[in-house]
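My structure is below; once you've seen it, I'll send some questions.
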């Protein structure tokens, strides 16, 4: 048994899956409350990634960072999450608010319009070239040299550890927030039944704004994580990521937060293992085929509960 | 219900108006119709300006626009140029539609592009029928020249049939890859990449070398799963990618995983700013950014279009220059009048001894770059050094 | 019940008879009056209302048939052909999404399957060159069977889960066909080149009917038109049949439909198959005209356009399909040229102002204020910073020279244009939050900023601007009219 290959694929899958999981969380949160598939979510992730890249440039560029890595990381996360959250709130306020009670397909098209707008505005303003976080050059490659080594020689780099631990920390915060705070309880109530929540005195508008803020902040953070581990930033990066996040959210059971995490990890691992063991050419096809089987076997998603249909 | 009816009535009226407006449109221009050279000669540009491959098309467009503005600013040039853009998003059906719009535009005399080999295949017949010359700076499929499009299709980059064997030979002769070794060839599922891989792979297999053919989508952002498959018997990893930063990421992840295989990039990855972590890269011309004579041009370009560039850009600068020279010659021969046919014929014979690419550019009879040969560069400490 | 030509009008009280207690005749008939509309428009509307819908489709068919007679501009005919193809695709999707209410995100895969199927049966690829009248039925039936197979596992899935599975299928299709030049059965057999991979299948035959080749663009336009009208007629008849009504009941409330005894699963299968068949048919025409098929044409961007056409026009209506395709596809093409795009842009702005800014005094004030502000700013900038006004406007002629003195055109507009663009987005958002007189006053600098951004940044990159404008139009239109242009308002039971 080639443990080296197995463990490398495992590490790769978990890292990538964590990024997917974070984006999928935001997707699931918004869907749970509004039953809206927010196709612009991937583009918020892209904007967060660019915000992080902008900060790197402000601090001298990847090769000549003028501050410590940890301070830079903290600032990047803070700004990307704040920026992403605010962008999400703006989008909700101006594009989705009027469509709360419309048939669900109308906000879908609006979300597509927002996605077109964001992608091409980024293309216009930021240019079409790929930019790179180039974390391999930060302070001589500290982020990739440091780390620990698994038994069969597989090196897990600090950058990958930051991504996985960071994602776990954010998810823990989110879970605590949703389970323990008032606003979290209000969110859960609203996603269960919006009208009843309003009748209970919950300010539904405020809850929705908070949901969008948190979900989009997570997407922004995911953008920075992605840049950290995978370097590349460019205007259309949100398209593919948004697609995968959508798949992850649904496969895990849409509207279900732990399910989104599970879905993200499933996709990341399935991709890594199918590339490593079966075929890199058809890895996408294999992942999709596997997921079709999962959906057919469990039609409400892996962790989803079959919704009781109220008549 | 009533408003719906009203809307349909409005639509019917609008359709009638559209028909009347369309009726006033110019008929399609035959190839021999002439325009006066006193007005700027319109050259169409087909490129994937938006869409997933926009990093290439945007760059090509910017270099072409830059060339046009410099050409027009030069007082010695009597015949001015004007660029008309057509966004194809690298989709063949959109390329056909854009080609049709160029064909029907009576003032448009020549085309730069399409960028993708698929698009040339799809749009070629339409452009040929309209008598337009079309010259690409990036469509490298071998079968496109010397065949059905002879006399109409040109390219100022060498095709895969030149680059493939050069790279394969270098690997076996200079990099010490012998029979029994493995070479991993990774393509990015675009036709540029698979075309090159399909030539290099069999060339290596013919010498007894095992070829591990892998494939990643161009949209992939993580190669660590694939890098893990590089075993110790893999001597060289060949990356005919279209996007330099993806090759860079692959090389960086390979290094991070401690792989010692030699990373060899093709001309799509030739970017001295973005692809610095690999070991070798091939290109048919010297690095634009290192040619001293070009430094002012490159600096002016970077000032006007900050954000970086790609190796697919500069060939389009040269194509604009060639169209300018051809238009001047055709106008002189035609007594102040230019037609698509005359421009096409003049274009086929243009020869530029000095270009921004550092090599002379001239077409051979098939429309390919005459005298094309590939150089191999070694990447040492992030800098490119010519080794062949 | 809203009043209309069929509702009996409320009788006026006759002379001398005392009014009935509790009934206000005028109030009771107000619904009828409102719906009828007032004056000329109302009369025209009510008369048009009486015209049966097929007459409109016929009128459209005649208008479209006359198009090639009026123009020989190949581009216009090509755009017309593309629009007809999109109409066909939207018609098929309308059955799945509009009638049966199933969210199918893999629809474009059937389109690709039809195109590739035609290419495989009528090209040098496998050496098969069947006659068109043989190929088309085979491809259509094969695509319908594929639709049926895709729908089979989807019976248990509802809503977004169905969407996901169909999305998977669509992506599976693209992946398989993009890499289909090296397909081997799980690594056991040698590699076969089935689909040509990224190189696609070139040199596909044109349509070949009884030995008569169809080669010209005009001929394909007519072929597509005839196909569209035929399918339209078929769908119109189906809409009025039991199956059509059963689909609509499935869309409105699947649970109630099942309780009413509708064979829900069978309806889903048939809907999918019918939509797939139409997509397969469209694929054959597409392949025949383009004489080459590539997998990139059948990916998510095409799917997005079909969906936008369908929803914008109004899902569930046939007229909406026609209108949506015309609006979306023609806009996309018209906006390609900077000159046309400028006219459309300014016309939209002026049109919105005229339509929404009342009373007329305010409109005149805003327009005058914008023009005045423009000249003032231009004069100030010209006096203080000469590089600020050196640029060239994109359009020529009178409008161009007027613009040159009104809009500030810096010599190197890129960075300033970008900053101004972001500023404009925020300004517009702020504008929507203001009310009353403050909003009208704030319009003036916003309008000037819009012109500035347009001339300096947007019109210089028409390909990108085109998509930005489409995005904005989508957002605005869906917010203003969520049911689509010709749709009717529905309440969705989630």
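List of remarks:
As written, the chain order gives the labels A, B and C, with residue 1 at the start of each chain.
Methods note: a residue touches a chain if its C-beta (ideal position, glycine included) is under 8 Å from a C-beta of that chain, and two chains touch if they have at least 3 such contacts.
A quick note: this is a predicted structure, and the numbers were derived from the prediction, not measured.
Here A-B and A-C are compared, and the pair linked by more C-beta contacts is A-C.
Taking the mean of all protein C-alpha atoms as the reference point, the chain centroid lying nearest to it belongs to C. Taking each chain's centre as the mean of its C-alpha atoms, subunit B lies 32 Å from subunit C. In whole angstrom, the spacing between the mean C-alpha positions of subunit A and subunit B is 34. Between subunit A and subunit C the centroid-to-centroid distance comes to 30 Å (mean Cα coordinates, whole Å). Contact with two or more other chains is made by residues 120, 123, 239, 281, 284 of subunit A.
Counting partners per residue, subunit B has 49-51, 189, 213, 215, 217, 305-306 as the residues that reach two or more other chains.
Counting partner chains per residue, subunit C has residues 175, 179, 182, 461, 464, 467 touching two or more of them. Of all residues in subunit A, only 31, 35, 37, 90, 94-95, 98-99, 102-110, 112-121, 123-125, 239, 243, 246-247, 250-251, 254, 279, 281-282, 284-285, 288-289, 291-292, 295-296, 299-301, 309, 311 touch subunit C in the complex they form. Chain contact summary for the complex, subunit A toward subunit B: residues 4-5, 8-9, 11-13, 15-16, 120, 123, 126-132, 136, 144, 153-155, 157, 226, 229-232, 234-237, 239-241, 271-273, 275-276, 280-281, 284. Residues of subunit C touching subunit B in their complex: 4, 35-37, 41, 44-46, 48-49, 51, 56, 59-60, 63-64, 66-67, 70-76, 78-79, 82, 175, 178-179, 181-182, 197-200, 202, 217, 286, 290-294, 296-297, 301, 317, 319, 322-323, 326, 330, 333, 336, 412, 414, 461-464, 466-467, 485-486, 488.
Listing the residues of subunit B that touch subunit C in their complex gives 1-9, 11-12, 15-16, 18-20, 22-23, 25-28, 49-51, 85-87, 89-93, 96-98, 100-101, 103-105, 117-118, 121-122, 125, 130, 141, 189-191, 193-195, 213, 215, 217, 304-306.
Taken together, the subunit B residues at the contact with subunit A in this complex read 49-52, 54-55, 57-59, 186, 189, 213-217, 219, 221-222, 224-226, 228-229, 243-246, 248-249, 252, 255-258, 274, 277, 305-310.
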